[in-house]
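The structures come next, written out as structure tokens.
Both complexes shown next keep subunit A, but they swap its partner, so subunit B is in the first and subunit C is in the second.
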Partner chain A sequence: MTNGLLHPTRRGLLMAGGAGLLTAALPGYVAAQAAPVKIGFQLHRTGIGAAYGRWYERTAQAALKAINDAGGIAGRPVEILFEDDATDPKRGSEVVDKLTQSDGCDLVMGTLFSHVVMGSAPRAGELKVPYLVCSEGYHVASGALNRWTLQPGITDVRAQISTMAPWVAANLGKKVTMVFPDYAFGHDHRDFFTAAIQAQGGEVVAQIAVPPTETSFTRYFPQIPAETEVLYHVMVGPAVLTFVKELGEFYGTGAKPALFGFIDSLEAVDTATPGLEFLEGSHFWEAHPRVKAADAGEHEGHYRAAVGVDDNGASVSDAADVSTYSHMFSTWETLYFIKQAMEASGYTGPADRQKLVEAMEAITDLPYGIERPQGAKRFNGKTHQVFGAQHISQVQGGKLVKVHTTTIDEGMYEDAVDYTTMYF
Partner chain B sequence: MTRAPRSFDGFCTRVWKALGAGGLAFLLAPGLAFACALPPSVILTLPTGHYITAAALTVALTAIMGVAVHRLPVMAPRQVWERRVLLPLSLTSYLSFLAFLGLVFIGLYGDRDPMHNLMTLVFWTGVWIAVPLGSMLLGNLWRSLSPWTGPVRIARTLLGRTGSIGLARLGHWPAVAGYAGFVWFQMVSLYPDDPAVLAKVALTYWAVIFLLAVLEGEDWLETGEFLTVLFSFIAKVAPLWHVTEGPRTRLMRGWPGSQVLAMPPLSASAVVFVSLALAALTFDGLAETFWWQALIGENPLEPTGRSAVMWVNTAGLLAIWVLTLGLILGAILLGRRIGGGFATGPVMLSFLAIAAGYHAAHYLVMLLTAGQYTLAALNDPLMTGDSWLGLPPFFVSFGFLTDPRVMPVIYGLQFAAILGAHLLAVLLGLKLAGQGARPLAHLPMTVLMVGYTVLGLWLLSTARTG
Partner chain C sequence: MAFGPFLLLALMEGLVTAAVLALAAAGLSLVFGVMRVVNVAHGEFYMLGAVLAWAVTTMIPGPPALAFLAAVIIAPLLVAALAAAADGLILKRLNYDPEATIVATIGLLYILQQAALSLYGPNANPVTAPFEWRIQLPWFGYSGYKLFVVFAAGMVLLALWLFMNRTKAGLVMRATQVDRTTAQAFGINVDRVYMGTFALGAGLAALAGVLVVPIQQAQYLMGHDPLLLSFIVVIIGGLGSLRGTLIAALVIGLSDGVISMFFTPTLAKILATLLVAMVLVFRPQGLFGAKA
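Presenting the complex of A and B:
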């Protein structure tokens, strides 16, 4: 009798089996031993931002699962600690503090509302903790914040608006009337679009600013000049349905200008909702087409399945529960950005936070992949702002159908700040 | 607590004078403005103005017809059955107390996300909404669920304590103080949803009440503890209720409000308590309206958050309370002056119907939204991905909020609750005004009821930030 593969002994089999079990168990043992990466998530769970917060949390949970299933960050499991900021800047600042000091999070992310970003970013700067926002505000790239605050998951509103002008001028018309709510959000649209359409040889023939407290709009419509070719509207809030209804009544079945809007008006709202018929044929900006485009990338389906969203952008559990599709991808992409930067910098713990920010600032090209389901992006380390392609969709049969995709370059603008020259 | 209506005169007059002399002072705070994400409102596209007009006319006509006809429906209760008490109060209360301790533990050490934490969810959707709503249909459920009765009974037995320290003399005033503090915590303070904050506040309040009830006796809870007082008041509109005496209990049925007619007149402190209930619900709705946001200088499309409006909302809440109390007492005094009758204590009972109707209408949508999170949290309490109740993944869904087929139905239910509450209040007012009241005496109260109906329905149908 000889020992060998053909004639194994019982003892040998037991030893080999034991060794095999050990080998199989080793990665799990190592992973279990590695301390988790702890990411603090400043969540708009209650307060005015709750409608977005629900989808931000859901998308972040999906990305977290995907990252952990694929081995975590540098072999370490990842945890997210969600903390409600009540969509309040004072609470937001306290949440950054708590997540960093009490909970020992490696960094903080997730904020959407600009006033919470503005209230929290200074505290993140004081605590020297990376603060990654998902708000699309121009506040990061404008230079108003600090070296610890970055926006790597979503294009800012200045770029979004600017990219729309070339297509609008070429396809809808060059004489534009703008209707917008009379506060910072509306003013961004007014200023950035007016400049962008002028660069395309177009002009804004009227700017109609509607007070934010207004809930009926009929008396503003006569201010729309007859020569208007495009009506650019960015009304938001509870009265949006009223706005569309009254606009429909104003124009009736007669001639009307082409309508162009931002999906912010109807984010999380079904465009087939009765009362919105007047929007049929009109166009909207979308960051991420909520209705799956015919030429959608290969990762689109996987992303939707992970978040639990169907091909119309609604929850798989309720076709009427439309997601905040044009914004929520930012939490997914921010998490993958964190993973990339942590792995590139060899991040091991809070002592490496400065190194982590420097690694983030060094990132430039972010190619399309499961890490970025909205599309490829370019990160500007100096302004801490990411730039991606935008989309224009048309309401066809009550559904948003993507008709155009911009280039990333169309949204680029001159740097207003170089955060890399600032002290940590 | 009963008191002769006569004792009210001085009290009412003092309040009325204070109102007239002091007026209302509003503090205005500058507002900041940034971003926006309010969902569109289907209700704003409905012809709610017609509904409100119709409701106002209905309330007015009911009052006029009631006064003119002099023949009101008899609202006598009937017994449905009698049986033994199945679960003694001490046991259910003690189990409720254990559950409360469990919730406090979850609040302090569980998930920090309020929409995943059972402390926040069970309290705000269960105790605060589901229990009173259930009580409006089935009688006072809180009586069995109070986490004090059992522990107090046990503690007093163990300590051999039978006496009191005289808290009963304070009437409902301790409950008024507790309720006022709670309303401020709920509507004005920064973090009423934070599980740990809520757990600490709840535990502290429980301990204070427990201590006082051990010293005074468990019966004191019925006048001194605000949840017990509020829920027992609201439950008085129920068409079904239990009357328990010793080991036997009788299930009764009757028209909503039958129980109210059997109540003794409200004391001065109880009158103030009821006015606070009405004012709190009014202010909670009002503070979210575009009208209020504009008044305090906030941009309603992107309000700054609670931290920016704490003081102005505190002032607003107090002002609405004083205004509510003043208007009610003013209508009663005026009615008495021009038509006789109209003793405050009995007439004030009719407002219990409005408190109940408003509570149901006001919190219905919150029950339908946050209630889903409660079910989801109960479905997977350990956050392990389990499904104890068999709910599917992504169960929580708010699609109905922008659905033009669903929201009119919800508004219809709220409309019915508000209108029904006011019609019942008018009917009770006619019965409770006393034989000495001439038809003209009802005029001020009818005007107030019509105004309050319009306000209640307007609050539910106007543009709001929440």
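Presenting the complex of A and C:
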């Protein structure tokens, strides 16, 4: 005789009954726990920002785990909902919309590419949802955005550049040619470096703008004037490797100016790639040294282990998978910033969003700690922008070696806006 | 930089663009000429060539030259097989109706692109060039591989011309191009000719993708630009004319190289598009196309 639904055994009945009881009791148990804080993450999972997106997701996941392991935010567990924006401004605003309206996220964070920030921030303002970008662009502190948009995890380009220009003028040369991507982020570089180097008695002899979707670069290099002493380069997108390789081919073994690059030109690219030998001895700006510095802070090792990055800045599981080390820490630090502000404001739900932004604006000193692996920061509540120390590294033996560190004060500039006087 | 070397570099860059473009556009032109199908998914075959080249070179161990040689053979063949399948499963069932095939190939474009995104991922991956050789001129250095691309594309186009004009299969294809019904009446299996043509066209695009991938990198969105430029070349050269395609590719490639260096790349694109408009207005069949 077989047992089945029609002929249940006593044991079967008991088990089914037990399962039923458990199911009935489960919602009560879950409700007894606090509802999770839901953070929407606007992620460049595909499109030209995909390399950054991959590492932003990993870093955010690592910070999320660390925060939840330590008891979450104000005792509530934290969830992150990742949504791909294809690195596209139009899609970006739709993602902000979806995360806020359909998914019911408490706030939205994580955007890197400045054209996506520009396309999405107005929608965040309309929805009255805090929008925390990890982008470097000067668009936040310039006053171009709104009271709901903040950048608490990464120093902006304007501050980065004003700390770099004195060093470039003193150590590399005063006649500079700039190569930069032809959109908001690149224009920040163009405008602020040109002004900053002039303040040092130097000059920009040529500005070469490259469309961000460009795939071939050799044709731009002949525009570099012969009198150039320093070539300042910053490039983004999937073609950065082509950019540096073609630069190497162009100069070959001939004479070349000193090279000063923003690490963006090499993010997610191995400095020891064949064809990049010409970079030996050249300098790069780094926010967070990719190769672990000899004098790295006490939390550096723990942060690398949590994200899964080795001492060379590559994935522990695949040495060819190089991280976007100088940008991704911003997602980690932004999550801890959210935690700090939510706990300070007694945030309970979307009705408290305004209170949350006000609590964020009240934050000033952000000391070094596991919450801020890149270093101590100072947050300016009026301009919604954070400021931190910057680094210069030199390629030595195919590896980036930190040679200079700035102070936070070197990067400070006068406020261009006071968001706290604006309406919500 | 002085004017002479500047111009030299512009022309060299232009030649590389022209070579890759000529290969991709020849495929597009062939498909339109013989089948009267406007293949909007053509750029995706180019992308697939590059992506498969990456896959083949990562899977095959040994020296880069050997792995690359394998990619040059395997990737276009795989893409050609895929195109043949697409022809049998989609285009044939639409009876090669011009409007329907445009819509179908738009669909194919998205399917191939999103399949590459799902299976290959969103990242741009480099393929090591078969050889690292740099020419050092007194004014600038130049990648030897880029010159090889020009040479290789020239050889392939020569082989294509010989195939079309000196072999029976080429004769059959040309016969089908001139008059499908009569060709059928003479016992030519038009279905097979169409399938072969579509596969050949896709294979040429894939080969262009393989050749270009050590210069650029394989990425799922890379099919856009070549599609646009191929259409420009084919419209100027005359749809279905191999000679016209080659000449138009040289004109577009070289002018792109020179104009983008002396002025801006945007101006080069504007002028190319203007040229297309002019050709469409004053010589709709293209410079070398037969009157419809």
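Rule of thumb we're sticking to: the second predicted complex is superposed on the first by the 337 of 424 C-alpha atoms of A that agree within 3 Å, B and C clash if a C-alpha of one lies under 4 Å from a C-alpha of the other, contacts with A are read in each partner's own complex, and residues count from 1 in each chain.
The criterion applied here is as follows: a residue touches a chain if its C-beta (ideal position, glycine included) is under 8 Å from a C-beta of that chain, and two chains touch if they have at least 3 such contacts.
In this text the structure is predicted, and so the values were computed from the model without any measurement.
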item	value
First (subunit B), second (subunit C), both or neither touched by A:E267	first
Contacts of A:T215 with subunit B and subunit C, given as first, second, both or neither	both
Which of subunit B and subunit C A:I392 touches, first, second, both or neither	neither
First, second, both or neither for A:R54, with subunit B first and subunit C second	both
Residue contacts with subunit A in the superposition, subunit B compared against subunit C	B
Contacts of A:R45 with subunit B and subunit C, given as first, second, both or neither	both
Touched partner set for A:G275, first subunit B, second subunit C, both or neither	both
Touched partner set for A:V316, first subunit B, second subunit C, both or neither	first
Touching partner for A:P238 - first (subunit B), second (subunit C), both, neither	both
Interface residues of subunit A shared between complexes with subunit B and subunit C	45-48, 51, 54, 215, 238-239, 241-242, 273-275
Of all residues in subunit A, those that touch subunit C in their complex	45-48, 50-51, 53-54, 211, 214-216, 218-219, 221-224, 226, 238-239, 241-242, 246, 248-254, 273-275
Subunit A partner contacts - residues on subunit B that touch it in the complex	32-42, 44-45, 111-116, 190-191, 193-194, 290-291, 293-294, 299-308, 392-400, 402-405, 462-466
Complex contacts: residues of subunit C adjacent to subunit A	1, 5-6, 9-10, 13, 17, 117, 121-124, 126, 128, 132, 134, 136, 138-143, 215-217, 219, 221-222, 225, 257, 260-261, 265-266
Subunit B-facing residues of subunit A, complex	43, 45-49, 51-52, 54, 57-58, 81-84, 86-91, 112-116, 118, 135, 137, 181, 183-185, 212-213, 215, 236-242, 245, 264, 266-270, 273-275, 308, 314-322, 324
